[in-house]
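You will see two complexes here that share subunit A, one where it goes with subunit B and one where it goes with subunit C.
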Partner chain A sequence: MVKKIKNLKEFSLSNDRFEGANLMCPGCAHNIIVREVLNATDDPVIVATATGCLEVCTAVYPKTSWDVSWIHIGFENAAVAAATVSAAYEVAKRKGKLPPATQKLVEEGKEPKIVAFGGDGGTYDIGFQSLSGAFERGHNFMYVCLDNEVYANTGGQRSSSTPIGASTSTSPAGSVSYGEKMMKKSMVEIMADHGAPYVAQVSPSKWKDLVKKVQKGFEVYGPVYINAQSACTTEWKHAPEDTIEVSDLGVDSCVWPLYEIINERDEHGIIYSTKLNITYRPKKKIPVEEYLAAQPRFRHLFKPENRHIIDLWQKAVDARWEYLQRREEAGV
Partner chain B sequence: MAKDLKEIKDVNEIKDLGWDELIPGAALFSFTEPVEDVVEVPMEERPYAPTNSHEWQVGDWRVEKPVYNRDLCIDCQFCWVFCPDMSILSRDKKMIGVIYEHCKGCGICVEVCPTNPKSLLMFPEHTDNAQALAMWPKKEEKK
Partner chain C sequence: MAKKYELNEVEVWDGNMAAAHALRQANIDIVAAYPITPSTPIVQNYSKFLADGYVDGEFIMVESEHSAMSGCVAASAAGVRAATATSSQGFALMVEVLYQASGMRLPIVLTVVNRALAAPLNVNGDHSDMYLGRDAGWINLCSYNPQEAYDLTLMAFRIGEDLNVRLPVMVHQDGFICSHTAQNVRPLQDEEAAEFVGEYKAVNTMLDVANPVTHGVQTEEDWHFEHKARQHNDLMNSVKVIKEVFAEFKDRTGREYDLVYTYKMDDADVAIFALGTTVESAQIAADQMREQGIKAGVVSLRVLRPFPFDEVAKALGNVKAVAAMDRSAPGGTFGMLFNEISAALLARGKSPVILNYIYGLGGRDTTITMLKEVYEELDKCAKAGEAVVPLQQFLGLRGPKLSFY
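Then we have the complex of A and B:
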């Protein structure tokens, strides 16, 4: 059942199923994303979480911060855990073997939603094979990547999501290096190319856009991938109160464009239509420099010898924004 | 003798136990009894188990706390949606206050509050709330 959320006041009627006094850092965007995703529906939710900050800090034995069914799984297999739950659920439903409480909710139209949360390390890198496999097999679940562009939980090592120029503990900036050397991997397109029916990029600061996309994802049948920008006060090194502002700067500079890709397949699995929609267009596209300046992980880029990396950033962001607009226009 | 989690009814009993005094288990319970549809039950009415972090507190992480001024608030709910720690209490579309047991003092709610002056402001942790309200700043002129 799609929950009616016309505006923020109506959204605030939600009863959170994610609890306080978890051990995430003050100001952590992971938490804001999890709240927005869970509150996007009133249906039962089953969550699998990959190892990373979210898992470690919301289930410190003997405590749990989850009021939904929740599975603590490895670093590399959140997608496969969720896919397995999804397959088991479908069999139990077909055979009439759902637990009575679940059966009752399903009869009321409250079909359980199965969600996996993983960090960028657990998604772009280490969990990629299980994620790719689950998407190829077409299980009915949603995968949400909490993308803070670093392995935060183990002290901030670079991942294939870390953008160029970021100083991390394994790509430290200093007298001989400007930090990370590689460009960020295009995970959204990679997941869309699996033929998934719905793939989207979101930011917690644009809560309505996020909630709408999650609701769309819950409505389609098949694997759904949501890439969520997740400002990390500890590794991006901004003040905790600036989490929403930094997120907004990312969106308004088009560093973090908000868009969705919808694939339609026929009964043989052949994709006959792919559509890309940009869901948020900044009124004024701000220079990338402003986004970088708000995060001390990029501080060194403002030294004269590293300025060329900022120019490169702007070029890369402009090219990508151009590419997304061209795809949208062409309807592909 | 190690204790079984299921037999513990009071959160303070767990807090006093060492890690080796609990029988290790794979499942943690959120509630002391089955809740049919948790999304329909507001926080105040949930039968939280001592193993639910809701029963614990992180308020002592703070050095500054947000203080809420009802007189200025327009109930926009920005603070509610962006609080990472479920610490803004809103009921019937109205903002009611801060849950100090769970608030980590990040200051996001203050940053996103749109009123002038703000309806939420950070004060040193030891400040008395009534005192904080008495020294609330006046409206700031637009620069």
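Then we have the complex of A and C:
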């Protein structure tokens, strides 16, 4: 059932199923995103989490921050964990073997929502095979990538999500290096190309947009991928109180465009329509430089010898924004 | 409801078909699997049972063995019965998750069709995969033929799912010699098997959303040790349940299983200690040695983990010489069986000559003649009262003899 949400005040007072008293860094966007995702529904939620910041900070025996059924197995298998819990749910439902309380909720129209959370390490890199397999098989679950563009849990090593020029502990800026050399991997399109019914990119700072997309994802049957921008105070090195501001800079510079891709299928499962919708258009598109300047991980780019990387950034962001708009216009 | 599969009193099945039927009869809710030689037919047979309506659970054809075992862990934590099959490289890819399955106390059943580990790549049978997983905290049951593969697979569910155990269980069978060799198998009828295995008893199920549970927590130096100690304790104590299930199975079928398997050991002076199909070859060799006046016997493990320490010491307690036959490259030391048998005997004050033979790697045939040569060497040692041949030898190796110590 779709939850009605009137305003931020009401939303923020929703019954929390993810306890804020955990070990995450102050200002960590993971906390905000997880709360927004879980609060998007009043239906039961079952969560699988990949090894990473979220997992190590929220389930340290004998305590747990989770008031939902929750599982962590390893770093690279959150997608298959959630997918198989979903399959187990369907088998138990079909065989009439659901626990009585769950059966009652299902009869009231409250189907459990099964959600996996992984960082970009567990999603773009080591967990990619498991994620791809689970999406190809079409299981009914949502995968949320908490994308902080770095292996934050292990001390800030680069990932395939780390953007060009970022200084990380394995792609440090130095006297002969401007930091990370590769552009970021395009996970949203990659996951959409699996034929998933719904794929979207979100930012915690645009909470209404995020919640709406999560609710859309919960309403479709099949694998749903949500790529969430997750500002990391520790590795992006901004002040904890600036998390939302940095997130907004990402969105308003179009470094982190907010959009969705909807694959519609006919009764035979054949995709007859793919639509990309841009869900947020900055009133004034700010220069990428302002986004980079807010994060000390990019500080070295402002040296004269590295300025060309800022120019490259702007070109890449402009080209991508142009590409998204063209796709939206063309309805593909 | 799954259709009933009409079975004859005696079926002609290879080990893979026997294991597949046992999995079918166990009414598994989720099988998540990835095919690999020589266990592939288990997965294929199970798929065909599903396609023909003999299975009412879900079969998830995942993209790797890592995901196969991860899927089993998630399904089991969700609160349903889960099982899979694998071999060799696939087993190696699962290893990370094998430890997670046992640490999370989930009663998954894994049928392992034993095969060599690369490199060099080899599809044939040896026990490298079994040895790789022996410390993973699973109960390990060993079969020597298709009948036993069938029986032990059914019993694995009962043992692992027992509320006093709640640990995952592996059932081993030899690649090809067991898995692909058709023999007579006396199966239980579907309803008898279902009754024996019983309904799955869910514990801390994730699907009970009104009572949320947290599975797979973090523990550091404050709690990790206690968790692992408890796990070891329960694995050691699972012997009681294993014996009970063996006894109940005997009551139903007349087929008897014990922690340690012995053949003509009452008066044996020399013994071969082996695993897998070699156990049956060694029995023929022992009979032939007895015709020559050498009192030969055979000992094997039915339960590799928990290791039946005292039963092994007792079984070998009166022999003068024993050959520990390890079918896995020992990697710079003695074979696992040699080390574990030696420990059991020494600790219980027994001191026969103990020899270590590395044999059958990558499917190298181990003949009755070769096993008789082992008995002859044991006989020499027994008569001399000491090792008169090297302690570690490679049996059936081409080229110059390879031995150590």
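Just so we're on the same page, the second predicted complex is superposed on the first by the 325 of 332 C-alpha atoms of A that agree within 3 Å, B and C clash if a C-alpha of one lies under 4 Å from a C-alpha of the other, contacts with A are read in each partner's own complex, and residues count from 1 in each chain.
The working rule: a residue touches a chain if its C-beta (ideal position, glycine included) is under 8 Å from a C-beta of that chain, and two chains touch if they have at least 3 such contacts.
These figures come from a predicted structure and were not determined experimentally.
By the touch criterion defined above, A:260 reaches neither subunit B nor subunit C. In the superposition on chain A, A:55 contacts subunit C only, with no contact to subunit B.
By the document's definition of touching, of the two partners only subunit B reaches A:207; subunit C does not.
In the superposition on chain A, contact of A:248 is made with neither subunit B nor subunit C.
Legend: residue contacts after superposition of the two complexes on their common chain; A:29 is shown touching subunit B, with no touch to subunit C. Judged by the touch definition given at the top, the superposed model places A:130 against subunit C, while subunit B stays out of reach.
Shared-chain residue A:16: touches subunit B; no touch with subunit C.
Within the superposed three-chain model, A:68 lies in touch with subunit B and with subunit C [touch as defined at top]. Of the two partner chains, subunit C is the only one that A:99 touches; subunit B does not reach it.
Common to the subunit B and subunit C interfaces on subunit A are residues 44, 59, 61-62, 64, 66-68, 101, 105. Subunit B meets subunit A in the complex at residues 5, 14, 19, 22, 24-25, 28-31, 34-43, 46, 51-58, 61, 75-78, 80-87, 90, 92-93, 99, 101-102, 104-108, 110-112.
Every residue of subunit A that touches subunit C in the complex is listed here, in rising order: 44-46, 48, 55-56, 59-62, 64, 66-74, 76-77, 80-85, 87-92, 94-95, 97-99, 101-102, 105, 112, 129-130, 132-134, 136-137. In the complex of the two chains, the subunit C residues touching subunit A come out as 29-30, 32, 56-58, 60-64, 66-67, 70-75, 77-80, 82, 96-97, 100, 104, 202, 205-220, 223, 227. Across the interface of their complex, subunit B is touched by residues 8-32, 35-36, 42, 44, 58-59, 61-68, 101, 104-105, 110, 204-205, 207, 233, 239-245 of subunit A.
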